[in-house]
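Chains: A, B, C and D, in written order; residue numbering restarts at 1 for each.
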Amino acid sequence: MAESKLLNLQDAIKRYIPSGSSLVIGATLETMIPFAAGHEIIRQGKKNLTLIGPISDILFDQLIGAGCVSSVKAAWVGNVITGSGYNFRRGVENGSITVEDHSNLTITMALRAGAMGLPFMPTLTALGGDLYKTNTGIKEIDCPFTGRKLTAVASINPDVAVIHVQRSDEHGNAHAWGNFGIAREACLASEKIILTAEEIVETEFIKRDPNRVITPGFRVSAVVHAPWGAHPSPAPGFYNRDHEFFLEYREFSKNRESFRNWLETWVTPVRNSGDYRKILGAGRMDSLKIKNHMLSEGVDYGY
Amino acid sequence: MAESKLLNLQDAIKRYIPSGSSLVIGATLETMIPFAAGHEIIRQGKKNLTLIGPISDILFDQLIGAGCVSSVKAAWVGNVITGSGYNFRRGVENGSITVEDHSNLTITMALRAGAMGLPFMPTLTALGGDLYKTNTGIKEIDCPFTGRKLTAVASINPDVAVIHVQRSDEHGNAHAWGNFGIAREACLASEKIILTAEEIVETEFIKRDPNRVITPGFRVSAVVHAPWGAHPSPAPGFYNRDHEFFLEYREFSKNRESFRNWLETWVTPVRNSGDYRKILGAGRMDSLKIKNHMLSEGVDYGY
Amino acid sequence: MDTDIAGFNMRQVMVSAASAEIKNGEVVFVGMRLPMLAFFLAKSLHAADAVGLYELGIARDSVAPMPLMTMGDLPNLSGSLWLADTGDMMGLLQRGLVDASFIGGAQVDRFGNLNTSYVRDKNGKVTRLPGSGGACDLASLGKRHIIIMSHEKHRFVERVDYLTSPGYGTGVEWRKEKGLTGGGPSAVITTLGVLRFDIKTGEMYLASTHPGVTVEDVLKNTGWSLKISDTLSVTRAPGREEIDILKNLDPGGFWTGN
Amino acid sequence: MDTDIAGFNMRQVMVSAASAEIKNGEVVFVGMRLPMLAFFLAKSLHAADAVGLYELGIARDSVAPMPLMTMGDLPNLSGSLWLADTGDMMGLLQRGLVDASFIGGAQVDRFGNLNTSYVRDKNGKVTRLPGSGGACDLASLGKRHIIIMSHEKHRFVERVDYLTSPGYGTGVEWRKEKGLTGGGPSAVITTLGVLRFDIKTGEMYLASTHPGVTVEDVLKNTGWSLKISDTLSVTRAPGREEIDILKNLDPGGFWTGN
């Protein structure tokens, strides 16, 4: 088996996400958002990133507020339980970021096209709507068989997909479970893949359940051990959503100054996941842990 | 929860597969082919079926030989380990069946389009080839964004998908594992779904692992308890491939008469899966059973 | 209206009215926030066999075992029917298999077109909103969709500044002309009443006012001359049982107040 | 040649030659039958880090724990890297991520075009063959593909009766004109020798004859005036270790004889 792809978070981000990269991150919508990786991108002061995703909850807002982003291709940017993302709003309104507006379906099809190596895919959504005005990757076409009107969506092949998973081996063979959002097509569409994982396990462990593998490991560039790496979003099998965190973030992100304070609490002083967990605190972590377990039955892949 | 969809095999086929239906069956390519359901179709003397699938191993050949089929939309029809399907060959050569020639990718995209409610999907395959001559569902188009040449594949929405699964509840919530072929898109594309299952289990058992569910149960029309229902193809977790069966079939299918003898041994006298297992015999079944077990680890869907 | 006197508040009336839009056995595309509660309320009352789809890749046929703040909370994954891709849920929608979808809105117009992307104030200043999410898809492709939003004059406008999610466009023929397959909006449930659409014109009209709300309240908060139903009624007030269920679904009152 | 004397037979030479086409670390789309053995042989010898993709939805980086008759045998699923959809494997292929693909053929022509669909005899009688399977896709989209087939005059024809899987069409520019993204065939491994393609013309030439086979044997069994390489060699004979591995992979000799 080829050499290990295990890197610490700093090295993974340094090596694979240069400023100017296009990045799909938070592809699972509300769960398993790679916040730890996003915060490291902020600490390394990356610039001119293009963020790609459906609904990223507050991670896009944080990256925009930290000045890392010049462009967004997304269906929705905000704070799921409270509404607006204030940094996003300021960024668009003061012209520091540009937006290619998508719906969940158009961004799905853009990445599915990218994943399949196709220049476009058709859909039936958005006909007659104004997504056509703010997205040059959308065109009306006629079906070659039926003549009916369709929306063609141009493919997107991001430079990097950053995906949080439950467990990975050091070669990028990883198990994920829960809802998948557009994570599977995001991996296949991207040139490089960085996995952050709650646990690092032996390859044999992964091979005992090949149906749970999220993407072929040979396409993965880096694997990072990042326990609590999706906090405050939920990680099935590990921890629940930290609603308070999102409510607090809403208040802090309302203006630039308090957002800077927020960064100085949660992002700037963190060197590794141990630091982050210390700030989070054992009590809060305990309260978020899975308490009502529901274990799946094993299945047999024997012969 | 709505009423049970559990039917015996006879009633399921009688109710949901009238003569003239278009049918996707054997969508997992070499594994989990619903032979028991196919044999019941033969016993009920269905006519003018359209068979849709990628590589169905010998099931298509059997249905053609039994006179049930008028048309085939497939990438490959034969006997995987021996080559030609003799009934298929005779059927095409004497004009009793027509063929829409596909590749694995064009049939995949035709069903993916059907699954997504789209009239077509593009691919890059088959350009310059003769699939264009024998498939009216394939057209060359220009990409609306890049101008490059593409193959547009018209969608297929079969009347019925017949899918073999490892376990289902009585409402059609079912777990499948192993390779999936084009079974997932076949279910989503079809108007009706018949599941044949090695085991019938409680709903709670299925809900303990929603990632293994092959298709949403509310779209399933009938669930049939069919142990050994994929024999002689393999069923992960249950039994291995019965190679001898395929070798014997090759010999019997070489001419019409011996094929009729084959039907009279394996199909005609069978009223239920018990009959079939009796013909198969305990020794043969023992030799096919899983002996080297490889159990997956449970995962936690708790909160 | 005071909750202490009436036994319910406007948010609860809205969720109750939304749940009444769901019929038993239907496949419902459940949107963020209030629709989440409406779906579980309907399942607890009159629509035990309804199935909910969630854009992040969940299909579910039971009330979550714990109150949810959002659809991605782990209790909403636990014991679900199917955990899959966003594209799988969108495929069911585009395939015409979704009976009813729920969408929130920031700005709506006479023909039920929704804007959740960009609004412009009187001075021309543009405010950026979160965007479509799945709303454009639900409005384009569902058999019918129900809009839930706050009833304020600057939100109920003659014409949306940006058409994120199509209603009836400029009139009832518009959807067909554009090639849209979904049926269009069937109701707008607001903080003041329930509005429906004239099938002949595609124009919104007031169908019922919530208990204690007058027609004048509604007209004052609507930016065009809104038509009123000949059979205008009062929105059904949620009963004691309904309120109890809602309190169990939202015990902190985050979505529906206390 | 007699196996008892030489220590190997032609089928074994073919599998050995096919395995030599696989480089370490490559992603290989493994076809039915002989390529299955060639992939495992390569992994056992010089390409330990190669990954195999199988059209039925399997990715695998290790030799199966038991001999296989076909790719769908459970030992080929057990301990694999990824069990997924046919479309996932085809996506990797179409995306340009597959280095080498293997295809069997019934009829091939001067430019490496393959027919596995319909053949016509001298009297015009059409025989129906099984069809493309994934072959058209592998030939259209892989970076390069390798054809494995029996070398007989009625199979090596001037022009295929039906073009199932594209080679270089009518010449080396043809693929680009048609819009094909894959590189085209790089080798044809037959029962008599190994043939390759002139990069200037796209035409097939004889690169090596198998041990004991003469150029005349090859020409006699080829339906056009086949060009011969200036550096024609003899195909490397499989060594003792290789034969032992092959016998373990195919103990019954179903694919490679005894």
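We take it that a residue touches a chain if its C-beta (ideal position, glycine included) is under 8 Å from a C-beta of that chain, and two chains touch if they have at least 3 such contacts.
As the structure is a computational prediction, the values presented were derived from the model and not from experiment.
Counting hops only between chains that touch, chain C reaches chain D in a minimum of 2. Contact with both chain A and chain C is made by B. Of all chains, the one whose mean C-alpha position sits at the greatest distance from that of chain D is C.
Computed from the mean C-alpha positions, the centre of chain B lies at a distance of 40 Å from the centre of chain C. Per-chain Cα centroids separate chain A from chain B by 36 Å.
Chain centres here are Cα means. That of chain B falls 28 Å from that of chain D.
Shown for chain B are the residues in touch with two or more other chains, namely 116-118, 123-124, 148, 150, 177-178, 208, 211, 236, 240, 290, 292, 294, 301-303. In chain C, the residues touching two or more other chains are 65-66, 73-74, 77-79, 83-84, 87, 90, 93-94, 141, 181. Taken together, the touching pairs give a contact graph of some other shape, not a line, ring, star or complete one. Listed by label, the pairs of touching chains are A-B, A-C, A-D, B-C, B-D. Within the complex formed with chain C, the residues of chain A that make contact are 28-31, 54-55, 74-78, 80-81, 83-85, 88-89, 92-93, 99, 101-106, 108-109, 112, 123-131, 133-134, 148-150, 177-182, 184-185, 233-234, 236, 240-241, 243, 290, 292, 294. On chain B, the positions that touch chain A within their shared complex are 116-124, 137, 139, 141, 143-146, 148, 150, 152, 154, 166, 175, 177-178, 205, 208-209, 211-212, 236-237, 240, 290-303. Residues 32-33, 54-58, 65-66, 69-74, 77-79, 83-87, 90, 93-94, 117, 126-137, 140-141, 162-166, 169, 174-175, 177-181, 254 of chain D touch chain B in their complex.
Contacts from chain A toward chain D in the complex involve residues 1-2, 115-118, 173, 188, 207-208, 210-211, 213, 215-219, 301-303. Across the complex, chain D meets chain A through its residues 25, 27, 49, 51, 58-59, 61, 65-66, 73-75, 77-84, 87-88, 90-97, 141, 181.
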